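I've put the structures underneath this note.
Presented sequentially are two complexes of chain A, the first with chain B as partner and the second with chain C.
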Partner chain A sequence: MQSQERSPTEFLNNVIGRPVLVKLNSGVDYRGILSCLDGYMNIALEQTEEWVNGQLKNKYGDAFIRGNNGIKSIL
Partner chain B sequence: MTEETHTAPVEPAAVEEPLDLVRLSLDERIYVKLRGDRELRGKLHAYDGHLNMVLSEVEETITVVEINEETYEEVIRTQKKTSEMLFVRGDGVILVSPPVRTG
Partner chain C sequence: MAMSATNQLLPLELIDKCIGSKIWVIMKSEREFTGTLLGFDDYVNMVLEDVTEYENTPEGRKTTKLDKILLNGNNITMLIPGGEGPEN
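Now for the complex of A and B:
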């Protein structure tokens, strides 16, 4: 990872357009390309895959994830 | 008109913030995943920043997983409801997607 990142926001801006893993508190994971996010941590993903217990449950072309769902990590 | 051929994408003003994705779905049928294993499919008429939404011609799918106490088998039961017009409070929303390619 680049060393010029100084804040979480800068990190997230650098991740836009890259594949990410979004984990919700409910245990559901979303994998997709990060299109954008906002101050509430609402997230827009492309080519989204929904994974539950290691199983692929669903695919969405575009997906909006509401920021309050306890996003644990973005990898 | 002079030639101003900047390569404008087909999408108008594209997606710059996540809510743009919802804005582009206005008057389209969308898929909404809600807390409590509920899903909605309906036409989006209005929304706000809380993700409160007004949907019409809505099909709601409620999934209940029951465990048979004798066999410990999981029984997945789905229940469907339809509504002509529905107001959705935004705090229950997990995910919103245009319904294309939604299985």
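Now for the complex of A and C:
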């Protein structure tokens, strides 16, 4: 079985429009639908939920995460 | 004595050889990952599959299973090919 998502760039192109979990270095997690992102790993999310220590803290319709916040992982 | 250029293995070549196999990633912070390496780029951002995340806290180690992740290369300190993780 061939995987379509080899390099980080290909992975990101495949994951746009899908539900993602974005973990920041600070420990805060954001769940939402990935609308787009750029080379700085700035990220735009829709239907965003903000999770801190496993608790839902906030909901945003649209959210922009600046890439300098040390985005750790997306899935 | 210096090795000839053909015998040298550059760091990124070593990681390239790891594609498709298990790798253990240690971050700057108290965090580690193991998983199958699917690919990486010039920044050593990595795509990993069947991942276990280990968070080392004063209360103990917290593990999280993740299906498929993009890991930002900015905070990586060490990569261990074939690494079975901190538990063994």
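Here, the second predicted complex is superposed on the first by the 73 of 75 C-alpha atoms of A that agree within 3 Å, B and C clash if a C-alpha of one lies under 4 Å from a C-alpha of the other, contacts with A are read in each partner's own complex, and residues count from 1 in each chain.
Quick note on the criterion: contacts are C-beta pairs under 8 Å (C-beta built on N, C-alpha and C of every residue); 3 or more make two chains touch, one makes a residue touch a chain.
Note that this is a predicted model, so its numbers are computed, not measured.
Chemist: Of the two partners chain B and chain C, indicate the one touching more residues belonging to chain A.
Modeler: Greater contact footprint in residues on chain A: B.
Chemist: Does the superposition put A:25 against chain B (first), chain C (second), both, or neither?
Modeler: In the superposed model, A:25 contacts chain C only, not chain B.
Chemist: Look at A:48 in the shared chain and tell me whether it touches chain B only, chain C only, both, or neither; answer first, second, both or neither.
Modeler: After superposition on chain A, A:48 lies in contact with chain B alone.
Chemist: Regarding the shared-chain residue A:11, is it in contact with chain B (first), chain C (second), both, or neither?
Modeler: In the superposition, A:11 contacts chain C only.
Chemist: Figure out whether A:61 sits in contact with chain B (first) or chain C (second), or with both, or with neither.
Modeler: A:61 contacts chain B only, not chain C.
Chemist: Per the contact definition in the header, classify A:37: touching chain B only (first), chain C only (second), both, or neither.
Modeler: first
Chemist: Quick one: is A:69 in contact with chain B, with chain C, with both, or with neither? Answer first, second, both or neither.
Modeler: Only chain B; A:69 stays clear of chain C.
Chemist: Can you name the residues of chain B that touch chain A in the complex?
Modeler: Result: residues 15-22, 31, 51, 90-91, 93-98, 100-103 of chain B touch chain A.
Chemist: Which of the residues in chain A come into contact with chain B in the complex?
Modeler: So the residues of chain A touching chain B come out as 24, 26, 28, 30, 35-38, 42-44, 48, 58-66, 68-69.
Chemist: Considering only the defined contacts, which chain C positions touch chain A in the complex?
Modeler: Going by the criterion above, the answer is residues 19, 29, 38-41, 45-47, 49, 66-72, 74-75.
Chemist: In the complex, go through chain A and note every residue touching chain C.
Modeler: These residues of chain A touch chain C: 3, 5-12, 15, 25, 41, 70-75.
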